[in-house]
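The structure under discussion appears below in the form of C-alpha cells.
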Amino acid sequence: MKQIFPKDLITTQEWDKPALDVVIQLAERFRTERLAGILHNNLLPARTLYSIFYNPSTRTRTSFMSAMTQLGGETHTLNPSGLQESIGEVIKDTAGVLSRYGDAISVRYCFTKEAYGDGNKVLRTYAKESSVPVINMECDTYHPCQVLADWQTIKQRFGENLKGKKITISWAYGKYIRPVAVPQSLVLMMSRLGMDVTLAHPEGFDLDQKIIRQAETNTTLADGSFEIVNDMDEGFKDAHVVYPKNWGPLAAMPDMAKAAEMQEPFKHWKATVKRMKLTRPNGIYMHCLPVDRGLEVEDKVIDGPQSAVMDQAENRLHVQKALLTLLINNRG
Amino acid sequence: MKQIFPKDLITTQEWDKPALDVVIQLAERFRTERLAGILHNNLLPARTLYSIFYNPSTRTRTSFMSAMTQLGGETHTLNPSGLQESIGEVIKDTAGVLSRYGDAISVRYCFTKEAYGDGNKVLRTYAKESSVPVINMECDTYHPCQVLADWQTIKQRFGENLKGKKITISWAYGKYIRPVAVPQSLVLMMSRLGMDVTLAHPEGFDLDQKIIRQAETNTTLADGSFEIVNDMDEGFKDAHVVYPKNWGPLAAMPDMAKAAEMQEPFKHWKATVKRMKLTRPNGIYMHCLPVDRGLEVEDKVIDGPQSAVMDQAENRLHVQKALLTLLINNRG
Amino acid sequence: MKQIFPKDLITTQEWDKPALDVVIQLAERFRTERLAGILHNNLLPARTLYSIFYNPSTRTRTSFMSAMTQLGGETHTLNPSGLQESIGEVIKDTAGVLSRYGDAISVRYCFTKEAYGDGNKVLRTYAKESSVPVINMECDTYHPCQVLADWQTIKQRFGENLKGKKITISWAYGKYIRPVAVPQSLVLMMSRLGMDVTLAHPEGFDLDQKIIRQAETNTTLADGSFEIVNDMDEGFKDAHVVYPKNWGPLAAMPDMAKAAEMQEPFKHWKATVKRMKLTRPNGIYMHCLPVDRGLEVEDKVIDGPQSAVMDQAENRLHVQKALLTLLINNRG
C-alpha cells in the first residue's frame, strides 16, 4: 500500500489532496489546543530537526524552532558557513550523515544564484541524498509551508468550501526584490481548492510558464477558474482575498540590478486603502512577510482590520508542527 | 487588580520593590535546589524564549540558554544578520510574529549606535510591539538582570538588611570602552535597598543626570545615602562592596576614539591589592565581567579571596530563571 | 578510590583501557536501542553542554547537538565571534562562568594558528579552568571522539578481538590541507588494541615524533605491531582496514601555501578501486569525512561496498552520547 505521505515536501503539487487535508486539519487542531494550554511535547520527544539556511529567515526559522520545542524535540539550526560545506564537502555526504543523527532536515535556498531553478535543485539533492524527510523552507521555485499556512488562514475566514471565492495574487512594487516561490506555490495550491484564482502583474513579471500550465490543469480538475490580468485594480475587484507582494522578473534573475530597473515603472502597484475598497466588504489582505512597508502596502492596510498577516504568520507554526509530526511519525 | 509583575523588564526602576523581592527569593531558592540536584524542568515545559543579540555576549547568552533548558523549555538565539531585519523588516513585524510563536523575547542592544539612548529605544520598541514579555539583556542605558544578580550576591554575603552597608560603584580604566548600563542600573537598584551608595569616577565620566536624580530620590525614600566622588581611594575607603569597572564618557559616545582619548589620563583608576586594603576587612570585589585584566583590576584581586565575580556570574542564571518563570507563568 | 573516568577527554591516551571499553560498550548499546526506538532522554534531563567552535564542523557539531537532545538535555553551540572573547575576555573567565551554568564543555580548535600544538593548548586551558568536564572535539593534535567511533566501527565489522588485524592509516592527496589530529589519534588508539598498525605517508609527512614513540610503546604493551612505510600500495597490501586521508606536513604548518606546495608531487596517493584490490577480500575503507572526492578517493570506493564511512559517522553520535552520560553523571 502506498504511503499517504511522501517522504519529502518540496512542493504541495506532489502531495495528494487528502494528505494535504490531513495537514490542515491537524494544524487547526494544534492551534486550538495551544490556545487551551494543551502541550504537544509527547509527539516528537528527543527528536532532532536540522534546519539549514542559505538565506536569511525570520518566520520560517523561528516557527520551525518553536515547532520542534513544542513537540518535545529540538531544531538544530545550521548555517552552511559553519559547516564543512564551506570547505568543500558535498551535499551527498552532509545529507547522508545528518540522516544518521536526526529525524528530519529542512532547507532554505530561495535566492537564485546562477539560473532560476538552482535553489530547487539543491532542495532536490538534499531530498535524494537523505533517508529522513526533507522539508522545503522555500527554494527559488516553491514555498509549500507558506501556502499551507495561507490555506489554513483562508479556511479560518471563509470556511471549508472555497468554491466561488476569489483570490488575487498580485505583484507589488518593493525595495527588495523577492523570489517567485510564494506566488508560484499560491497559484498551484489555490487552484486545487476550486477557488477563482486571479494572477495580476505588470507585463514582464510572468511566473514560470510550466507552473502556470499546471495551475490551469488544477483549475479544470477542481472546477474553479484561473485568469491572468495586467491591472492591479482589476485584480482587486470583488476579491475575497488579495495577496499583493513583490517578486523579481524571472527573465532578469538573478541580476538584481536589472530586476530593480525593470520594476521602476510600476511604483503604483501598491496595496492602498483606496484599492482595498475594490474588494468584497469582507475581503482580507494577505502577505507572507517580510513586507516593504510604504512600497508594497500602506501601513493603514497591513495594520488595519482587513489584514490577516499575523494569523498567516502564526499558522506557519501550526502547519509545520503538523508536517513534522506526520512526516517523522509515519515513516515506512 | 493590578498585576504584581509588569509585562516587561526594561529597568528595575519600573518594578515595585515587592515584585523584585519575589525575584530574588525565587532565585535564591533555585540556587539551593540546583545544588541539591532538584530539577526545575516542569516549570516551563515546551516554552520558547527568543534571545536577540545585536552585540556580543557570553554570560547573558549562555545563562539565558541554560535557564530555559533547566526550566524545561528552550532558548532560540537569534542574530539580526540572519533575520529578515537584515533586509529591511521592521521590529514591529518581527516582534509581532515572535509573539505568536514563543513565550518571551529578550534583547541585547548595549552599544550606542548614533546617540545615547537609541539602544534603549530599540528595547522599548520590542516591548511595545510584543504581546509576550520582553526582557532587557542590556541596552545602552540599563542592565536590570545584572544588577538583580548583583543584589542576590550582596545578600548572600551581607544578609537581607543592607542598611548602613557601603557600596562603591567606581569607574576603572580599560582597553575596551564599555556601556554605562551597569553603573546606571547599579545606582538605581542599590539606592532602593537603603545602602550607602558612592559613585566614584574621574571628571567627565558622569552618568546620565536623569538617572542620578532618580537615584537621589530612591535614596531619600529608602533612607540611605548617596554621594559622588572624583577619587578612587576615597570611594574604596571603608566600603563593604566595591564595583570598579570601565565605562565610556556619555559626552563622547558613540565616538570610541574620542572616548579612548578622554580616558587616557586615568590609567591609575585600577582595582589594586593596595587599594583593596582601604575597604572593610570583609569587603568584597565585584565585577559584571568581561573584565580587562591588568587594566581594570589586578589578577590578584579578581582571583583573590575578596572576589565575588564568579558568584555574581552564577546568580545571573538563578535570577533569570526566576524572571522567566514569573513573567511567563503570570500573564494576566 | 580513583575515579575510573578522568574529568576531561583531551586524548584517549590519558584514559585507561577499561574506561574506554565502557565507552564503547555503552555506545554500542545506545546504537542498538536507538534502532529499537528506545529513548534515552531520561539520562541527562535539563542538562547543558556548551559546544565551542573555533573552526567549521559538520559531523562533530550535529552529532553533539543530537546527542544531548536524545539524552534529554541540550547543546548550546557557541561561536567565539559572538562571545566576549571577541573583545578580549580570557578563557579563564569564560570557562569559569560556563562551569557555573552548564554541565560540560566541548571545544574544537583544530587549525594550528601560529605553531603546531597551540590548538591543544587552548583545549588544555579550557580543561584547567573548567570545573565541569571538557571534551576535545578535535584540536590540532588529537581527535579522540573520532577514533573512538572508528574503534566501534572496526569492532562492528571484525569483532572484539582485533589482534592480528591489519589497519593502515595512510596519507592521501587533497585539495584542503587537513590537521594531523585524526592520524595521530588513530595510531595512538589502534596500537592499544593490539592491531597490526601500518602508517603510510610520503617522505616529509611524518607525524609528531613524540606520538609515534608513544604508539610504539602502546604496541609493545598490547603485543601488536607497528611500522611506517612510504608507499601507499605497500600499506594497502593485505589490510583489513585502510584509512587514507589528507594531512598537512607538520614542518610547514600553519603555512598552508607551503603545505600545498609540498604535497604537489603526491597526487597519486589516492584510494582507488585498483588499490582497494590489494586489501583483504573483507577489507574496509574508512574516512572520518569531510573528504575531497576525486582526490583523496574515487567515488566508486567511498560509495562502494567496502566503504564504512557512514557507519563511522553514525558511531560519532553513539560514542559521544556514551561519553557525555559517563562524564556528566559520574562526577566525583
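Order of writing sets the labels: A, B and C. Residues in every chain begin at 1.
We adopt the following convention: contacts are C-beta pairs under 8 Å (C-beta built on N, C-alpha and C of every residue); 3 or more make two chains touch, one makes a residue touch a chain.
What you see is a predicted model; the values in this text were computed from it and never measured.
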Topology of the chain contact graph, where touching chains are joined (line, ring, star, complete, other): complete
Proportion of interface numbers common to chain B and chain C (over half same, under half different): different
Fitted rotation between chain A and its twin chain B in degrees, CA, nearest 5: 120
Whole-Å separation of chain centres (CA-atom averages), chain B against chain C: 41
Residues of chain B touching at least two other chains: 74
Of chain B, residues touching chain A in the complex: 45-48, 50, 73-74, 76, 78, 81-90, 93-94, 96-98, 100-102
Touch list for chain C against partner chain A, complex: 39-41, 53, 56-59, 61-63, 65-66, 69-72, 74-75, 79, 175-176, 289-293, 310, 313-314, 317
